[in-house]
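Two complexes are shown next, each including chain A; its partner changes from chain B in the first to chain C in the second.
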Partner chain A sequence: MATLRLDGLKKTYPNGFVALHGLDLTIDDGELLVVVGPSGCGKSTLLRMLAGLEDITEGSLYIGEKRVNELEPVERDIAMVFQNYALYPHMSVAGNMEYALKNRGIPKEERRRKVEETARLIGLQDLLDRRPRQLSGGQRQRVAMGRAIVREPQVFLFDEPLSNLDAKLRVQMRLEIRRLQKRLGVTAVYVTHDQVEAMTLADRLIVMNEGRIEQLGTPMTLYEQPASTFVAGFIGSPAMNFLNANADGDTLTLPCGSQLTSPVDVHGDITLGIRPEHLVPVEESPQALTVQVELVEPLGADTLAYATLAGQTEPLVVRFDGVRRLNEGDRLWLAPDRERLHVFDPDHGHRLTTTETSTTS
Partner chain B sequence: MATFQRHRFTPWILLAPQLAIIAIFFFWPAAQAIVQAFYIEDPFGLGREFVGFENFSRVLTSGEYLRAMGVTALFSATVALGAMGLALLLAVQADRVIHGASGYKTLLIWPYAVAPAVAGVLWMFMFDPNLGLLSAGLESLGIGWNHRVNGGQAMLLVILASIWKQMSYNFVFFLAGLQSIPKSLLEAAAIDGAGPWRRFWTITFPLLSPTTFFLLVMNSVYVFFETFGTIDATTGGGPGGATRTLVYKVYEDGFEGYDLGLSAAQSVILLVLVGLLTLLQFRYIERKVQY
Partner chain C sequence: MRYRRPGLDITSHTLLILCVIVFFLPVWMAIVAATHTQSSLYTGTAPLWFGSEGLGNFLAVLSDPVSRLGTDATRLLLNSTIMALGIAVGKITIAILAAYAIVFFRFPMRMLCFWAIFITLMLPVEVRIMPTYKVVADLGMLNSYSGLILPLIASATATFLFRQFYLTVPPELLEAARVDGAGPWRFLRDILLPLSKTNIAALFVIMFLYGWNQYLWPLLITTESDYMTVVISLKRMLTSADNLVPWHTVTATTLLAMLPPIIVIVLMQRYFVKGLVDTEK
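Then we have the complex of A and B:
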């Protein structure tokens, strides 16, 4: 068990491409940190640098109190679960789990005891003699987990471990990973591109974009106070709606003529963010946004409506309770909750707050 | 099912060209050799006499033939192991190269495009006792080189030439095999605490075993039959039969000695030997292969 500290961690590839621009971060002992972002944002590179599979160009990496930049993967005392599981196809399940212990010269008796103990913990005891190719996707995933656990490492690294599973199994394994990590109390870094996985697993969450940390915080902080349009668009499903608007103090005027009360005191053009679940249908009124339903997606529990709003290029996504019946072509009036409006800078995308803008304008 | 029955003859028509080639160039000559092995024929092919197993007993009791067997055993084992071992070493190195990899690969594959006889001549000239660069170099180191007199040196030369010739073929397959091993497996092994040497022997080598087994069979066939050209061009079986392998002796007795029956009996024996060897490989070594 250990803390993980990144101090200005930077990665530049030989062709000059900068994959990570100096990351500063401390991951607490026993914490599960999820790194989420689109493909190419540098999240996998970060994980591979932690594992020692990629060189660190600049900066320092500490596991516990020890600087590990120059240490080989094995000396860092980490375990990694790969996206494709990377199970050794020519070894049995027990052989796969035992391999790391064997390399460390642990005696046979102890190896067997540890493998059996771990197998019981994750429900693999009946499969120990099987080869990986005789296992289902979920079982392979379990073996990959078992191989990581049996070593009792200081840090777990997960590289999109659930992306090869079907939807139902993914939900089940997600819970299981969470349960195991809490039970073992091992520090873990979990990389994914799936925001639902990120939200449900994380103690803290990092959203990465183009090699930089866009925002770091608890899942709910990121949901409630996204630092930028990038984070706002990434966290939450369906994604947040962004509207063009003009702000004058606490009054926001939309191109369609509707006026809303702003949570912040700003002036000029802004990007207004409203989550689909925060648009509440109301009776016809001049304050409400008037929209026309273009497409309806009934999901059972919820119904999603894609609606057009005058003066906006993108359709507005609205989430209704599943019991509400909607038809294409319906006209609706929506009133957003003032406290749940998000105001962003239209050029740079960062979140605007009263204090920040009052000093600049 | 009905579709398959309606096309009962189509598969045979599609297979016909290949089957015809095998029949004309393999089964027919093989049958001829087997028939020939039971006759003694005069050198001009004017008449022949059925002699039963006399050709075989002549072959198997001849000291020269037993010696050729010994030469073949040494030659085959060394060439097959050498060509595969070196190819694997080079393939592992080439697999690690990132810059200019395709250039190295092309250069390493080149020898395969050289005809066996040309390869033999190439090596013969390099080691020619009078003209050769390498023999001159050895001379300056105080090592006298004359493969025309020294049987051991002649053997070394044909072994070198044959290894050099076959290595490229093995290299291509080993490299393809190495590249099909997922990189994440080796990374996982590195994280699991295996050093490069251990990673190779516990992960890479077992996963290469289908390739290795295939190459073992192919190389056995190569050393027994296809090295003829190299030996003929380099040493001509000499000096004094020091490099006379079984297949070379088939040629000598048949086409130089005009003892066609004896030669045919030898080729039948060789066929059976290689067949048995391949059978053994499939029975005992294939079990250890991880597909």
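Then we have the complex of A and C:
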């Protein structure tokens, strides 16, 4: 159990590519921090730097009170779960789990006791003699987890551990990882590109983009107050709708002519963000957005509609209750919730707030 | 895809049986000849059935010094075995270590080393035989096991094969081992060697046969019969200026010389299969 402190952590590859631009971050003891972002955003590099598999170009990394920049992975007392599990194919499940203990010179009896204990914890006790090849994907995933747990490390590192599983198993393992991590109380860093995984697992969440932290916060903070269009578009599924609009004080005028009340006091062109679930169908009115349904995706619990709105190039995604029957070509009137409108700078994509804009206007 | 055509079956079986006969007939004749006395082999017709001696000729060459060689076949077989084993084990050991260094370590001029090794593929013993002989002679290794083994011990082919195999090992495996606290030697011993069991078995067979069948090199550097290999001895037995060729002895020795390679193949084949079944990449 330990806090993890990153102090200006920077990674530059020999070819000059900067993968991480100086990260400052403290991960609390027992916290599960999820790092999410598109591929190439530097999230895996960050994790590998924490693990010690990748050199740190600049800055310092502290595990507990100790600076670990120069330490080998094993000396950092971390455990890592890899995307493809990286189980040793020629060793049994028990062999895989005890390998780290064996290298540490722990006597055989104690090794066996620890392996059996861990196996019981994650439901592998009947599979200890099997080879990885004889296991299903979910079981392999469990062995990879077990291998990490049995060592009782200070920090768990997860590198997209669920992306090789099918959808149903992924949900199940997600819950299990969450439960285990809480129960063991070990600090964990979890890298994923799946925003649902990120939202459900995280105590705190980092959205990364091009080697920088775009936003850090609890999942709900990121959902409710995304700091930029990038975060807004990444968190939440289906993604937030972005509309061009013109703001004049608290009145927003859309190209289609509709007028909405803005939550912030700004002037000029803005990007308006509305989540699909925050568009409410209403009776015909001049204030409402008039849309035409282009495509319907019934998901059971919800129905998604892709609708065209005059003056916008991208179709508007709207989420309805599953009981609502929609047909392609239907005309709808939608009223967005004023409190849940997001206003962004159209050029840089950052969130505009009243305090910020009132000084400029 | 398999075709079922009775006509094709018969043709292919006939063909295969014919080939087996063609290839096996000389072996059969050797087996038969080894059971005859020398005089019964010189009656004008080659016998096709066993003679009066039974296993007598085999026991004779194994225990008594063979004429014109001054040593018995046991010693010859032992020399050949030591040489073949030395070459096979040495080649595999060196190849594993060289490939391990090239694939898993980052050191200056790594690729240069690889290409230097690779280029030696173009230099088999026959090409460099004179300089090699000079070196071995100067080191005083003529008529010794080390002289027989060392010049043949480095293998670019095996290094290359191991390199190709190591490149297919997922890098995460190395990383997992590092996180688990395995240093370079542990990783080699605990992860890489067990995974390359199949390759090692296959190469062992090939290299053992290569070592066993060496002719030119042992011929050059062994002048004493104590270090003569069995392959060389066969040639020696045949070169007789004045006497009749002792065919019964020659065939018996030939058959004995064939045995170890067969044993190696049969034994290692079981390892092949086991390795194939047990490991997974």
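The working rule: the second predicted complex is superposed on the first by the 361 of 361 C-alpha atoms of A that agree within 3 Å, B and C clash if a C-alpha of one lies under 4 Å from a C-alpha of the other, contacts with A are read in each partner's own complex, and residues count from 1 in each chain.
By definition in this document, a residue touches a chain if its C-beta (ideal position, glycine included) is under 8 Å from a C-beta of that chain, and two chains touch if they have at least 3 such contacts.
Keep in mind it's a predicted model, so treat the numbers as computed, not measured.
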| item | value |
| --- | --- |
| When chain B and chain C are modelled together on chain A, clash or fit | clash |
| Partner chain in contact with A:Ala100 - chain B first, chain C second, else both or neither | both |
| Partner chain in contact with A:Met80 - chain B first, chain C second, else both or neither | both |
| Partner chain(s) touched by A:Val291 [first = chain B, second = chain C, both, neither] | neither |
| Contacts of A:Ile177 with chain B and chain C, given as first, second, both or neither | neither |
| Touching partner for A:Ala51 - first (chain B), second (chain C), both, neither | both |
| Touched partner set for A:Pro89, first chain B, second chain C, both or neither | both |
| Contact residues of chain A, present in both the chain B and the chain C interface | 51-53, 72-74, 78-80, 82-84, 86, 88-90, 99-100, 103-104, 147, 151 |
| Chain C residues touching chain A - in the complex, by the definition given at the top | 170, 172-173, 175-182, 186, 190-191, 194-195, 197, 278-281 |
| Of chain A, residues touching chain B in the complex | 51-53, 72-74, 78-80, 82-84, 86, 88-90, 99-100, 103-104, 147, 151 |
| Partner chain A, residues of chain B touching it in the complex | 182, 184-185, 187-194, 198, 202-203, 206-207, 290 |
| In the complex with chain C, residue positions of chain A that touch it | 51-53, 72-74, 78-80, 82-84, 86-90, 99-100, 103-104, 131-133, 147, 151 |
